[in-house]
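Chain nomenclature is as follows: A, B and C, assigned in order of appearance, with residue numbering initiated at 1 for each chain independently.
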């Protein structure tokens, strides 16, 4: 049951086909891959997240949001522990008034009576209208999407992280946070039609080999011509060649370095990551001087005043707590953005995004 | 604490008295025994489940349902693991807008400070308006019903499975599934006044000795004169004599066999069950050729085209996955029916069934 | 991480400063200490709890309550097991329609990836609008309050029990139960402006050294001149001197005794407690004859007929189950009162207490 049979890494030839299986009417139905999201979809999600944030802030607007999907129910199947992502999804569902249940431990499930995991998922599909999955097995969410497509009652699946695979909703909240950081506050709506990434320099720092969030975010950033990516990592933890090839194919400018301080003055955003030593085969991480891929309070004097610091969290020592109070620190807002983005995504999957836009334009624009 | 003191098996003489303790105004108040349900009650529950299904499907109707019981709260005390039944009840409560909490693990409860389980239940009765219990001890739900009857604030108890005892809500969803399978689709309302079971032949297959679902369903089917029951099992796993005596006393025709293929062409429904080898004393199940009590895709050519296949799930090898896509396969719908039936039961316990009927007739009939 | 660094016991000099950190506009913002509650605040909370009880009893009123705070969300961080307090808070939140999530087990949290507990709490503060904490470490809730005061997005913290520290919401429900017990039923509103404690004699019985509930309740009772407290305990388990000094400083009359039967005829209320032997260093509790600090059915003939018996529960043998059916037994109502009081507290923290009062006066007074 628990043997991890990894699905072979996709080549770019078959990605188009995979997206076809996951989308309906050119929109994400199942949400499994970052590649499902083209630029208009990302832009609209960011805009919708902003609207939900505004509407949901007051009692009246919150009441409106909570009636939109009260006839839907969601299952959170989180077999791999993750408090942060779990709570982010539950908060998003609460904002939209979607009742949910969760299964987070196989020992309480029917599997003790010998049920297959596929049958467990099929059972969920009878009670719920959406399944959000976090699972240790690579490719599991995509497997479930395919399986449910064969059921008379097909419901959408959202990948909340499968193995070392992608983590598309993390990528969406990351790009939403960058979006908000790069906005000029004075600009009026509609701001999301502009490519705010053009000419921006974004550094990814740390364990780029094993962190899935960077991979997923790179796929999304390819939708924005003119963005410049800098991959800062120890040589042993370099970003995968498949990502670099993908960037080249999409004409995205990138560079690689093992020195963080060198490029610091030029960065518009820094995306920090922790050392993923839980994936070590034999303690090889211990040989790496990860201190060189850490950000301290003092280093801020060398960066732009408008620099945005992101981190998918949890952090360790690579991100000094002293930075928390600086305006550059966007990582706590990033956590909160995840809630709004996941609400926007859920609303879009269930086709109530238009109702939210209409409500917003009726009550919140002048 | 955990010593299983089984309550003596009831004789038919005292069932009437037990029902009196559990019912109020001739309706189930506590839901513990299948014998509490007479034919009008079953018919009304099936009809109500259909109405809730129809009303709850749209946003407006769902909003109506969710306000009916928002001033009630439910406790799910599920000490015995059961994902399927647990989620079915939570989905039913979500449909009716009943907030709930759950306790599924004694290690997090006050019992570590030496509290008796009776006091734990009494505490629940102060916060909640209904307790749904799944417990390893036979007779536990009935014990709780009696105990709560003695409290100033008495709240209803629902038996979601106690030991090898009955499982009445499973029986209700089973009979609801049979009901829907035997309907002629062309018939208009009111369809539930007719005895659709008259002349139907229903086979129960497998481990009939130790599966409590078959026992409870047999009690319900006795309410429908003219139904024919066939018990197909290995000799070692025959249905209990008490059930057969009950059938005889209620003039229900039945037969016993150890051969599934023989009677297959005549069955209108087959209720499959898995081998309950977790109840083995010394691995005696291993000697049984359970393959003879399995259903395969190929066998369908010998059955009626209108055959309905049910299974309480989880399944193992006795029910081929290839059957899933056939119209005969009703077991996934059966799962979903459980949600509607438990919503109907909850609405009935709290006396909002009439409000639902009124709403249905006002908006959904012509 | 788990090393219990106890915060030094406060002296009365610094309590005033601590309250300043926790309050906003002279009202509790964070709820950590019983000393935050002055008499008008306690009186108003008791009155509000009564109003919520009345309003919430019917479907219409319940609907009103459930819309008041639907735009807020709560986190229950209950690392120390406590079913009773946990369920009481969840019921209170359900009454007010506040969606919530919980974390009850560190093993499912991000801490397995090396996150600090402070960062876990900071993450909660991004998703939720209130954190309710039960934690084994003394002073933890106060630490969190201070930490969150430094965040751009500050949200209130409620102490649901930290170590051997205070348990202020238990004290509030205890005093609410005493309030209701001492009311003359014939009196009309507004009854909460009167000091019903003047002239009343309240006995605290049992392990007064290690039970935090008695400590917190003593702080609250000091707000009511004329109340008389009797501490009945074995000499080894005497109430702490800091509490006695506090009473003296506030001119509250008290006495100490090791004999329960002696003073029984004079008590207006008895607050029973269990032996807290989980705090034993070396089984010292076994030498104590705790039977002398137990209440039996027979002893009731020596008490006033209006005597009110309270117990924070769970109970062991110190409180005979035979007492449960007597009118003197208030401990089950006390459990239920906790739910109403915690709803009143939550409403007050979020400033919707006035809306509830207005609703009450519009619909429920004549």
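Just so it is clear, a residue touches a chain if its C-beta (ideal position, glycine included) is under 8 Å from a C-beta of that chain, and two chains touch if they have at least 3 such contacts.
Being a predicted model, the structure only gives us computed values, none of them experimental.
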**Request:** Note whether the interface between chain A and chain C is symmetric in residue numbering, meaning over half of all numbers used appear on both sides, and answer same or different.
**Result:** different
**Item:** Magnitude of the superposing rotation for chain B and chain C (Cα, nearest 5°)
**Value:** 120
**Centre distance in Å when chain A and chain C are each reduced to the mean of their C-alpha atoms** = 41
**Message:** Counting only residues that touch at least two other chains, what does the list for chain B look like?
**Reply:** none
**Prompt:** Which residues of chain C touch chain A in their complex?
**Reply:** 67-68, 70-71, 73, 75, 99, 101, 103, 107-115, 119-120, 122-124, 126-128, 150-153
**Message:** Under the definition above, what is the set of chain C residues touching chain B in their complex?
**Reply:** 56-59, 61-63, 66, 81-84, 87-88, 90-91, 94, 104, 274, 278, 313-316, 325, 332-333, 335-336, 339
